[in-house]
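Letters A, B, C, D, E and F name the chains as they come in the text, with residue numbers starting at 1 for each one.
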Amino acid sequence: MKTRTLPLVAALLLAPLTAMAETAAAVDKGDTAWLLTSTALVILMTIPGLALFYGGMVRSKNVLSVLMQVFLTFCVIAIAWAVYGYSLAFTAGNAFVGGADRLFMSGLTVESIAATFSKGVYVPEMAYFVFQLTFACITPCLIVGAFAERLKFSAVLVFLLFWFTFSYVPVAHMVWFWAGPDAYTDAEAGAAAGAMAGFIFQKGALDFAGGTVVHINSGIAGLVGAIFAGRRVGYGRAPMPPHNLPMVMIGASLLWVGWFGFNVGSNLEANGLAAQVFANTLLATASAAVAWSFAEWIWRGTPTVLGAASGAVAGLVAITPACGWVGPMGAIAIGVIAGLLCLAAVTKLKARFGYDDSLDVFGVHCVGGIVGSLLTAVFCSPSLGGTGVYDYVANAVAPYSIGGQLVAQLWGVGVTILWSGAVSVAGYALVRALIGLRVSEDEEREGLDTRSHGESAYT
Amino acid sequence: MKTRTLPLVAALLLAPLTAMAETAAAVDKGDTAWLLTSTALVILMTIPGLALFYGGMVRSKNVLSVLMQVFLTFCVIAIAWAVYGYSLAFTAGNAFVGGADRLFMSGLTVESIAATFSKGVYVPEMAYFVFQLTFACITPCLIVGAFAERLKFSAVLVFLLFWFTFSYVPVAHMVWFWAGPDAYTDAEAGAAAGAMAGFIFQKGALDFAGGTVVHINSGIAGLVGAIFAGRRVGYGRAPMPPHNLPMVMIGASLLWVGWFGFNVGSNLEANGLAAQVFANTLLATASAAVAWSFAEWIWRGTPTVLGAASGAVAGLVAITPACGWVGPMGAIAIGVIAGLLCLAAVTKLKARFGYDDSLDVFGVHCVGGIVGSLLTAVFCSPSLGGTGVYDYVANAVAPYSIGGQLVAQLWGVGVTILWSGAVSVAGYALVRALIGLRVSEDEEREGLDTRSHGESAYT
Amino acid sequence: MKTRTLPLVAALLLAPLTAMAETAAAVDKGDTAWLLTSTALVILMTIPGLALFYGGMVRSKNVLSVLMQVFLTFCVIAIAWAVYGYSLAFTAGNAFVGGADRLFMSGLTVESIAATFSKGVYVPEMAYFVFQLTFACITPCLIVGAFAERLKFSAVLVFLLFWFTFSYVPVAHMVWFWAGPDAYTDAEAGAAAGAMAGFIFQKGALDFAGGTVVHINSGIAGLVGAIFAGRRVGYGRAPMPPHNLPMVMIGASLLWVGWFGFNVGSNLEANGLAAQVFANTLLATASAAVAWSFAEWIWRGTPTVLGAASGAVAGLVAITPACGWVGPMGAIAIGVIAGLLCLAAVTKLKARFGYDDSLDVFGVHCVGGIVGSLLTAVFCSPSLGGTGVYDYVANAVAPYSIGGQLVAQLWGVGVTILWSGAVSVAGYALVRALIGLRVSEDEEREGLDTRSHGESAYT
Amino acid sequence: MKLITAIIKPFKLDDVRDAIGELGVLGITVTEVKGFGRQRGHTELYRGAEYVVDFLPKVKLELAVSDELLDQALEAIIRAARTGKIGDGKIFVSTLDDVIRIRTGETGAQAL
Amino acid sequence: MKLITAIIKPFKLDDVRDAIGELGVLGITVTEVKGFGRQRGHTELYRGAEYVVDFLPKVKLELAVSDELLDQALEAIIRAARTGKIGDGKIFVSTLDDVIRIRTGETGAQAL
Amino acid sequence: MKLITAIIKPFKLDDVRDAIGELGVLGITVTEVKGFGRQRGHTELYRGAEYVVDFLPKVKLELAVSDELLDQALEAIIRAARTGKIGDGKIFVSTLDDVIRIRTGETGAQAL
């Protein structure tokens, strides 16, 4: 989308995302049904999905601490989203952050409607609000894996709320906020609409369901966290195998199932494209799981369950930004590449630099997110089975250049890395100064469950 | 809704709930899709959700007995619902129980349709039947937690079938049976329609998704059961910690996810209000989980996983009657209040009176249900962000009085407590006389799994 | 459906399943929403559902091997389905196998549409593709249970890919491929359309959601596999109890929940019939669980959790072919009969013949599938509350004969048994010759997890 | 010094611990074990397969005591663990050559 | 009286129990243990991390026998537990000062 | 021959194994146990119910050694297992009448 300037007045007249003027008839109950279903699926993906995926990977003395961190973070961020997150992310403001229109959800009623990606098609804004809430909630939860098994519970909550406010919300605004397709009536209006969109959106970066906003964003915060937190006591000497691999497998499976809500719901409509997003999400994941575990089989002698699960998640991450723009064969290619590269990141990169990213948040989410974001530019190309990019002014698919799109994607990746990295450094430093990051060595040895939460997982 | 008398003939002419005369065109596939999805979600909430939530909380020697009680109760009640439950609850009869029109589901075909809460909008009656079936099934299952770890399996099944027949079915009829919105064509017709509704409905009590029918109803039956059954051997002396807290957490999460079917499905339509019910359900739950675990943190020193999970369930219970009438900020308030009050009930009240409600069915479901039912009257008020109550005759929101509504709610709460209490006393006494309630002390010590079911949970 | 010949040219002119000519307006978003939801549910049913159901039943030293076999088979078959499976199963070819039109999903775009069972009603073909993919994926996974705890991982993957290609794909084509209802404009066109349908479809056999294609098909492959693989070391002497029955119960519950996607999704539309399929699936399952566990109670002294779970699965299997043709009371009858017969198969038949079908794939899926397929003919009868068979030429329900339909059903059952049996024998023999089927006795004793996958499930 | 090894019913653990605690014995080591003896187990049924489970869950206590405390300790254990029903368990007494407290290196009765 | 402590391969448990059952020994106490010895373990791989697991699952049997039964019991255990492969395990024999049956208070050989 | 039974903190297991491995001791048997002693446990809270958990996870090592190796082995264990904090654990030494290797039937010091 090109960006030109337009009198501010006109820009403000465009009803960003919500258009009360439209009649409710523009809302199809089939879309609403799918959006609500998708929202429930994203919740399933977080609790219990992500919680189990992470919980199974830690030692049994820390499983409750991980479950608790994921569960309560989800709850706290949900409230923060209702109070200010949604407003700052999804109402008009500047290119970096939204406005105050929806603070405390004011003005958001059962009648409010939000734009989709098709002209004249709307969904209830309340459904959009709650769907986006689940994205806002899962993203900080992802970070938990990086510093698992050693942080104070209070430090985790405070940091994640800080990071949500200063990194998630603005990045979501930068990548996803736009005026909606109906604003693109002609070239001039399109330019005006473009100018009020988020910064990364304006650069033309594509991110269908959160490769940058969710995965790179949280992956970097994880890496910074792993470094700030330091290694776990005994790391590299004592074995730290997953305490319950079936739990990891349940978690990975629920992540997969829930991810259909995540990716397909992001289409906002229940149409043919939704089905294609579904197929892409399935095929990329399957390919990545096969790639990771077969690579292990060849190089290490056995295909592991943890590898298959990790590969699946890597594939899910990588297809996330791409899923609405690529064809199924492109999705398979993305899955294979992401599976192999994330495996390399998790084994080689981590060993090389010696940081203790407990559950490989960086290696899977950040690396997978970058791989997916860049490959989006490649396989989006109609020449490679992709959809190309739709020009809402011309009402047709625009001419496509892989190189040009790659530059746009690099903007998205780069800005997200820098922004989240900076916010994370500030956040961890602050929390370390205020509360302290780590529990005592004694507590770490005994396990966080009994000491931080006063409970034992299994009796 | 006001209640006036009307010649019985006219009342019978009104097609209660189902209106064959309407054309099938009034059925939107989006609504049907959402209703089917919701139904599947409520099942997920029961099996495995509730089964795991309860199963994880008992000792490992009794986990199978709890799973089995939930699973088979679900199955038995499903059949009873098809044979007579649905007919007695959801066809026209008197103010306390329905009629025989749908015994063995007779006359219920793929063409039958059922009213929603919007005029002229219908859903397939078969979908309504099966959605309501899941409510009928989960409610008796909830009671299982109160007398867990000590009852004979046969006693459990027989009591719950008895209680379903004489408490669930009539209370559902009293609270939810009405003629549907299309019957309210003018004041007179509205009065006639009102007169054929259930007793509590006629009192004007609001219960969107089952605060009275499901939670108070089962909570009282649980309390009576805990008292009738007596305490578990060793109660108060031997530790009885949950044997598997991750299982509790999975259960609580699936309860939450499934509850979106429960509450949002109760809207019967996939529209903006459905989305608001969704948001309310999410926000109240998150707030209650935060409230409960932070209160523990402050008062007891550590925030526990069991506390967060319990808080979430308390929030879910409390928002259930309110979810379609309150705004999101009201939902947050309800969640916080319910979280704190249920915590108090579970710790103080139980200790005070010394009954052994094994898994706190009374403390969470009955107390949470009462809190939610009464707060519905408060936050339903348009002045507090609620929707008010719609007047189908005037086709507009009616003037609202918190005090007036509170009286109506008290009718709902009071009648349910008395009715379910009485039926429960009768039921337990009967079963005790016929079969005996408790297993032998030896069996209780060894565990119900090996002795009542001939199996061990883990090997 | 009667079958007459028609010039081949005309047959090819009929657009099989997909009809580009139709306008997109024929696609209802409510149907699409439900189809996507159903697809996600079938995935949930497989991973983690089936994986847990099976994983919980094996000994703890082999749980990962079972999870891995299910997970990776799912992934591999998904890719095979995209590459060639869908094309060979669901495009026009001959009566036994489809054509090459959709190899690598060529020509399958977001615009492509597929027929439903109602004239003029279409769904996005991409949604149909991915829904059918999940059927293709779960079916080979079912077989895993028959030879669990003893096969080489490579042997499992290679055999299942072989079997998928030569048994699943052609049987799916034979049973389900047809020209869609719009082809049946008049008697002659109907005959032409009939002639291009799959072989078993032409015989008039009814299989709503996969009694033959999925369950008999995989059940036979399981039996042959159990015989080829031979018994586990220590079978019959050493106890081999399920290592984690709560896991089995979670699995069974998720199978049940997911099965609503399987059966109801097969209706392709979110209408009243979908709701009836839902009710049937629920009631048959509940009845079968009650029947199995009460039979155990009477004959063995205790109702078991494994029995209730097994009964539920038996009921699900048996209602699968019938669910769209029978009434709810017929569904209950089918459930009871299937529960009892599968129990007999699993206890008596297996003991009698001494094969080691580890997790009773034959006893539950094949026997349940046969029972369901034959009873479909009985309870489909309008005189027994069934729907009868719709005649798309007459646009009315055709006269119904139980005997005639029974013959058709026997064709379906018989051909599937023979076909899958033959392919299985060939496949196992081939794999045994190429790779060898079993792991070493030492590895089997130690457990497949550590040796084949280099991991321990629990630490 | 003597080592007392007692195999008892699991639900008696707390009672026994309290009983010996009163004697001033400060340490016990507890192991979950399975016992096979006169007490009959139960039958488990998994689909067609029936297994007789005759290994029953028991708890094994080990406590090292000085020779003087031996009799009192034995008595206390017997009193607390007895239900009078079959399966109450056994106590084995054996002689320890030495006891060492790792933290301090103390040996003999000092280390108890 | 003697206490026989045998560390054996888990899958041999049933055979050993049957073998000593034939001698009329009525009680055994079984513990799941991990053994470290000449028998090599395996390598486990979790993403990047490789662990050598050389603690192998073993089963520890304890049975108290009268002096007369000792040799027969040892022979029976050896016969039933031997596979001839490394890792078959060890038997330790030690002396018991006393045995007490909790239920009855009987001591010595009576209590076995 | 002597049987050394050491109750140690779980996270010290690898260190102790390495320390005795260096002495050429080739076998150890390890059991997960719960220990009750001077070291205080923690409190657990489940809704209204508060439990004091004073059984702490410990690891029990058993190793049979020849009389000559006894002192060295004890020293090695103490060195590796000591943290100096309460709860480090105890070592018990007792006499073995005999040791048998099941695989070969060897007895006595040969069998170690």
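We adopt the following convention: a contact is a pair of C-beta atoms (placed from the backbone, for glycine too) under 8 Å apart; a residue touches a chain by one contact, two chains touch by 3 or more.
What you see is a predicted model, and the numbers here were worked out from it, not measured in a lab.
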Chain F and chain C - chains in contact with each: A, B, D, E
With a step meaning a move to a chain it touches, how many steps does the shortest path from chain C to chain D take? 1
By that same contact rule, can you tell me which chains touch chain D and chain F alike? B, E
Give a one-word verdict, same or different, on whether chain E and chain F use largely identical residue numbers at their interface, taking over half shared as same. different
Reference interface C-D: repeating pair among B-F, A-F or C-E with over half of contacts shared: B-F
Geometric centre distance via CA averages, chain B-chain A, whole Å: 35
As a quick test, compute the distance in whole Å between the mean CA positions of chain A and chain E. 54
Whole-Å distance, chain A centre to chain D centre, using C-alpha means? 54
Two or more partner chains touched - positions in chain A: 28-31, 33-34, 37, 241-242, 244, 250, 300, 302, 304, 306, 454-456
Residues of chain F that touch two or more other chains: which are they? 31, 44-46, 53, 94-95
Can you work out from the touch definition every pair of chains that touches here? A-B, A-C, A-E, A-F, B-C, B-D, B-F, C-D, C-E, D-E, D-F, E-F
Chain A touches which residues of chain E in the complex? 44-49, 51, 53
Please name which positions on chain B make contact with chain C in the complex. 24, 27-37, 39-40, 43-44, 47-48, 51-52, 55, 63-64, 67-68, 71-72, 74-76, 78-79, 82, 104-105, 108-113, 124-127, 129-130, 133, 153, 244, 247, 250, 452-459
For the chain A and chain F complex, residues of the former touching the latter: 234, 237-238, 445-446, 450-451, 454-456
In the complex, go through chain F and note every residue touching chain A. 11, 14, 42-46, 53
The residues of chain B that touch chain A in their complex are 28-31, 33-34, 37, 41, 59-60, 241-246, 249-250, 253-254, 256-257, 260-261, 264, 269-276, 278-279, 282-283, 285-287, 289-290, 293, 300-306, 308-309, 312, 327-329, 332, 387
